[in-house]
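What follows is a pair of complexes built around chain A, which joins chain B in one and chain C in the other.
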Partner chain A sequence: MKNNVNREIPDKILNEYHYEDFQSTDFLNPVIQRVAPKVTAQAGPSKVVDSIKQVVHDTVKDGMTISFHHHFREGDDVFNRVMREIIDAGYQNLTLAPSSLTNVMNDIVVEAIQKKTVTNITSSGMRGSLGDAVSHGALKNPVIFRSHGNRARAIEAGDIKIDVAFLGVPNADEMGNANGMNGAAAFGSLGYALMDAQYANQLVLITDDLRPYPNTPASIKQTQVDYVVKVDKVGDPDKIGSGATRFTKDPKELKIAKMVNDVITHSAYFKDGFSFQTGSGGAALAVTRFLRQAMIDNQVKASFALGGITKPTVDLLNEGLVDKVMDVQDFDKGAASSMKSSPNQQEIDASWYADPANKGAMVDKLDVAILSALEIDTDFNVNVMSGSDGVIRGAIGGHQDAAMANLTIISAPLVRGRIATIVPKVTTVITPGDSIDVVVTELGIAINPKRQDLIGQLDKVPGLPVLTIDELQQKAEKLVGTPKPLEFTDRVVALAEYRDGTLIDVIKEVKD
Partner chain B sequence: MKNNVNREIPDKILNEYHYEDFQSTDFLNPVIQRVAPKVTAQAGPSKVVDSIKQVVHDTVKDGMTISFHHHFREGDDVFNRVMREIIDAGYQNLTLAPSSLTNVMNDIVVEAIQKKTVTNITSSGMRGSLGDAVSHGALKNPVIFRSHGNRARAIEAGDIKIDVAFLGVPNADEMGNANGMNGAAAFGSLGYALMDAQYANQLVLITDDLRPYPNTPASIKQTQVDYVVKVDKVGDPDKIGSGATRFTKDPKELKIAKMVNDVITHSAYFKDGFSFQTGSGGAALAVTRFLRQAMIDNQVKASFALGGITKPTVDLLNEGLVDKVMDVQDFDKGAASSMKSSPNQQEIDASWYADPANKGAMVDKLDVAILSALEIDTDFNVNVMSGSDGVIRGAIGGHQDAAMANLTIISAPLVRGRIATIVPKVTTVITPGDSIDVVVTELGIAINPKRQDLIGQLDKVPGLPVLTIDELQQKAEKLVGTPKPLEFTDRVVALAEYRDGTLIDVIKEVKD
Partner chain C sequence: MQIKQTAMAGTLESSDIQIMLSQGEKGITFDLTSDVKKQFGDAIKKTIQDVLASYQIDDVMVKVVDKGALTPVIKARAITVVQRAMDQKDQPNWEVL
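Right, the complex of A and B next:
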């Protein structure tokens, strides 16, 4: 039996892991009994402990679930320190439940898997040596991939029960009041980590900057923190920002960015008070630049910009073109450093950003979302997780979540090298085609047939060829041919949840 | 059997209401499984409903627990509107669980009691016609009095389960993002209400100022809110502030304030980085004025000021004499309006302020607290709840909580009219003598004998006569004589919890 995105999930998997098959992008109005942490009361006077080794000894036990955030991105200096102590102490059967895993974490997680320190992982994604190892069957149990909003939902519902959260912060006081805005390793919003801070039974802060008590503003509060560890360094400032603060000069990317902008500005959503999420990377920054000009030319202002925030988006705020920036993470130093001085750049947690199981997430109010893709198929389903070789090399991030926007645009080149982006059937379905409205490539756009309104709005725009998704797929196939089908074993190495916690697809072990 | 403050709590009460007797001011380090709300998911687009009548109909059922906050104080225009609809709709057996009850709420609560709409109440306190009615046995079940910190503890532990919270706010957007800082009825910190927002199953915001989406800063978040009701007016700005923004000119109050200041400045705690809570009222403002001068003269700066905040305290922040103001409520317009422009005036919730059952409350870091009293007895036990006629006319507020300070000073006149403040035995024990360090009256001070260190520091200060508490009591008795003992029936009309949730005293029905 196939689910609603035409994927056959083995019954064995549904039963063993207690999943329901993906049904619909509509979450409806369920009543959900939330869970809450076990709290060990204390009155201070100080929570500072000597070393990570000591705090690991005091908190971790075999079989526990431990968590981290990925706000330091490739500049993270906390994850490896903590995992080193955990591996060396010989713990077994841990579940690793970070908000995501960046490349700097890959090798030590592979080591932890090999030594059976880690036997379960849930994450937004993974890449590099870790994705490779998991795709080849290294981990005992299947990885569970969850979007940022779904991770918040899973934590609130008790699907993820965090025993110990190890959170690196660029500042904290002796009681654990901390934020992401100040200090040498500042990264801005603590959005994803705020879930761990609220729900973990035990919370360890690791910082290189102990500040006088009480440290404010306190995004993480002393009421949530058990231990504070002072180390020499929590992150490399140069690698915390993504670096991509300059607009692309790639003509193909620029062409796509201009067409994305044309789609937005010719849609009915482009009017005073609209809202958008553009994401990061050179192409996204180019869209932001085109959009800025269009807003000025048409005297249109946005009510809010959402998501991972970049400097160009903050510039729109400062120019008065955007009223509010709703900030779950910052992709560069410019965005990170502006938060502390701008009351209109509001830090939001992952639940507020994108969780479908609360009383209203920001993504539900979003007009325009621009998202990327590794593959899109002729049902508009999107893969952002597995590569053309079937190996895991991606992350859901906020993809499924932001696709709830009124106008969800996938921006992608038709082909990458010798590999088609528009395909008959994606390797892994992450975001269902039902939530995708327009696909923009350098050779033209395709509009989801269920959006006849958009077809009407965009059909006659000069320089914006409207094709069917099948036509785009055929163009791609003509350029690069038909690849040899991928070969997998029957073993499931990863489960891809939809944002509501149902199972949308599985990833199998690659056959070499 | 008597408890540790020498009170005999009937076994029947302990058993029927599942209480433990008060034991100690030490909370130790229990592990507490917290509770969490039941959440009904929704995605908007708007939560605005037409009327309070409609939202009451959609949310309230017989037997439920409903809550309110008291941040509008005597200017509250929300409580009466909501209670009117609830009474008129004929609901029965509700538990009323506001953060406190102000005088403007008295008459309608009496009516709700008479009509059996309300059969249980838990509050910080009550006064006037309501205190009188309860003291004369009007309410079906005993009122439970809890401090602000204990209310937070009780909500987190599930002792108070709020079915519907009705929270008035001076601004909100259509999804429920709100703060207390902006709008005609601004009151500053939402500190007490933040507990309700986090833990209530259903949350109704009532506002007179609907703002564009998204409204920031959001102290209450859309993820917590079910309904938003727009009304013409939520509060009377002139009555929201306590009015007491001028220093007292009463010579007796001034004398006490000066002596309080002498106690502080001659104690070992008066040094750079110390912290304090002074409270509200003309006498407290006078202490703040004396303390300000002492800080300037001695080049001493404070790390933080805590609690209910007044304009003179905010002035200390702006003068650089205080680094941070940790703000759970604002007593006047000056304090309320400064929060939005001062990043060092941090809004804190009631748990962070004072809950003993979290990972560290602000009160545990407090050096100096100045508190008031209706009565103090020769064991230093304090009554802030029942009057000299035995009638309920007070509130615990943060009294038990702030008494955890290193130096807790009770500031009170020796006698009020023909009534002694220092008595052999207080009518009701609210704050145990174990947590009181110094009592300051216009005729001298008394130091708790367990604080020999303070006796050493304060014994030889000019103009600061150190007496024993018995000597103070005898002086009072000499002035006003021995009152006729109060007469009560055997019926218990109110239970006074200590901040840890044990039972410290009961209040009985007055016999007329």
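Right, the complex of A and C next:
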């Protein structure tokens, strides 16, 4: 049957995995019964154990769900160490439920799949050799992709039941009081990991920096922690976050950034006390710089910046142009290192950030979100998951969540090489067109026809050509030609949930 | 017709295409590498075949490394490589151009 974004979801999938199909971006006001973790009480003087091998032996059993966070990103040393012990010990049928999977984790997950150590995966996304393996049918059960807000919801609702969470931290004391902002491998906010800390039945902290008790500020508290393991290294600081963020010189990115800035500043939302979220791409960083100047020129200050944080956003905080930075993760060293010295850079967990099933998430208070896309279709649906060859290479991240903003802007080049970005139909729908308001390309912008108010505000801005989304699509196709449709088998290799836990699309095995 | 010598045109920069022609005896054979092969493999071959046909070349081995080139780029590289392979690079075939 076809869901509300016109995607054919096989009945077999809906029935077998107990899904409802996607209906609406409106979550309404359901009453939700949350789950609670099992707690093994202890009162000893220390939780420090000798080795990962020992703690894996004490905690993991066949068939369990294990989780990790991805705050160390490409500098992660914890995931590989733990998975090595788990694979070598011969465990089978585990469900892997990390907040996301970065490239350094790919090869060992592929190995774990081949050895049947891991038979189920839920994640924000995946790329590289792992995405390739899954898209070619390596895993019998479909992977479930969830946004950061939806992962929080799924954990709270018991859709993801974490038996053991292995969380790497750059510091901890012998009882497990830990934060993400101090130590050699500091990464700033522990936002995504705080869900695991709160809901996992067993929580193992892995650190390379054991500090005197009590270690504060404590984002993860000793009340939540079962074991602390000391290792020589949890992460490579040079790969955790990119270094100094470079201001793009790419004229196309700059043009897009300037147009995004024009859209924001000419919208009714650009007024004192507004709020925004930007990503970490070249164009998004450039937008932050243009926006800074516009805020100074117009004497407008923002009440908060949300989400994944970069140094340019922290600079706005330090300049007094932004009152608060609400920080679920840090993309670069500048943002990570400023958290400890800046009381207005508030660490928030994934639920507070973006979960629809709570008593209010920050994304619902968000005015402007600037997001990227691999593909956008003429119904404004966005794909951030499947590459141009149909292979999984992306992550939902907070895309579906931040798109709840009053003004959601997708910034993307019209074409990348010979691949059109604006297409008649996206390969995979991740974020529904209903939550997208403006698409900005170097050739012009398209406004969702549902937003007549925005059309009125942006219609006559100099240097901001307003086209229909169909016109943009036709311009792209004229440039690159008409592609031959991708071929897939009937086998479903991944399920893409919407942030409310309904099924928005399925991803099928690629045919080579 | 066959070509006179092995020839190459184009680079491996993004949005370019590198085409190499070498002598063949059994029609036109393609060895195509491209990130967009699934979507545009046939279109790339067709563009090159049309150029070869306009020079009446029907026996040649074509090795292509495409980096997402648009059709006009492919056509320009194909014409260049054919002129080089026919040893006519100083006498452009204006009717083809």
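Simple rule for what comes next: the second predicted complex is superposed on the first by the 510 of 512 C-alpha atoms of A that agree within 3 Å, B and C clash if a C-alpha of one lies under 4 Å from a C-alpha of the other, contacts with A are read in each partner's own complex, and residues count from 1 in each chain.
The rule is simple: a residue touches a chain if its C-beta (ideal position, glycine included) is under 8 Å from a C-beta of that chain, and two chains touch if they have at least 3 such contacts.
Given the structure is predicted, the values throughout are model-derived calculations rather than measurements.
**Q** Contact-wise, after the overlay, does A:418 reach chain B, chain C, both or neither (first, second, both, neither)?
**A** Once the two structures are laid over each other on A, A:418 reaches chain C alone.
**Q** Report for A:480: first if it touches chain B alone, second if chain C alone, otherwise both or neither.
**A** second
**Q** Quick one: is A:388 in contact with chain B, with chain C, with both, or with neither? Answer first, second, both or neither.
**A** second
**Q** Looking at the overlay, does A:249 come into contact with chain B only (first), chain C only (second), both, or neither?
**A** After superposing on A, A:249 lies clear of both chain B and chain C.
**Q** Does the superposition put A:2 against chain B (first), chain C (second), both, or neither?
**A** It touches nothing on chain B or chain C.
**Q** Go through the superposed model and pick first if A:460 touches only chain B, second if only chain C, both, or neither.
**A** So A:460 meets neither chain B nor chain C here.
**Q** Give every residue of chain B touching chain A within the complex, in rising order.
**A** Against chain A, chain B makes touches at 27-45, 47, 156, 175-176, 203, 212-214, 216-218, 221-226, 273, 303-304, 323-324, 326, 340, 343-344, 346, 351-352, 355-362, 364-365, 404.
**Q** Which residues of chain A touch chain C in the complex?
**A** Listed in rising order, the residues are 388-390, 416-419, 479-481, 483-484, 486-487.
**Q** Considering only the defined contacts, which chain C positions touch chain A in the complex?
**A** 14-15, 35-36, 38-43, 67-71
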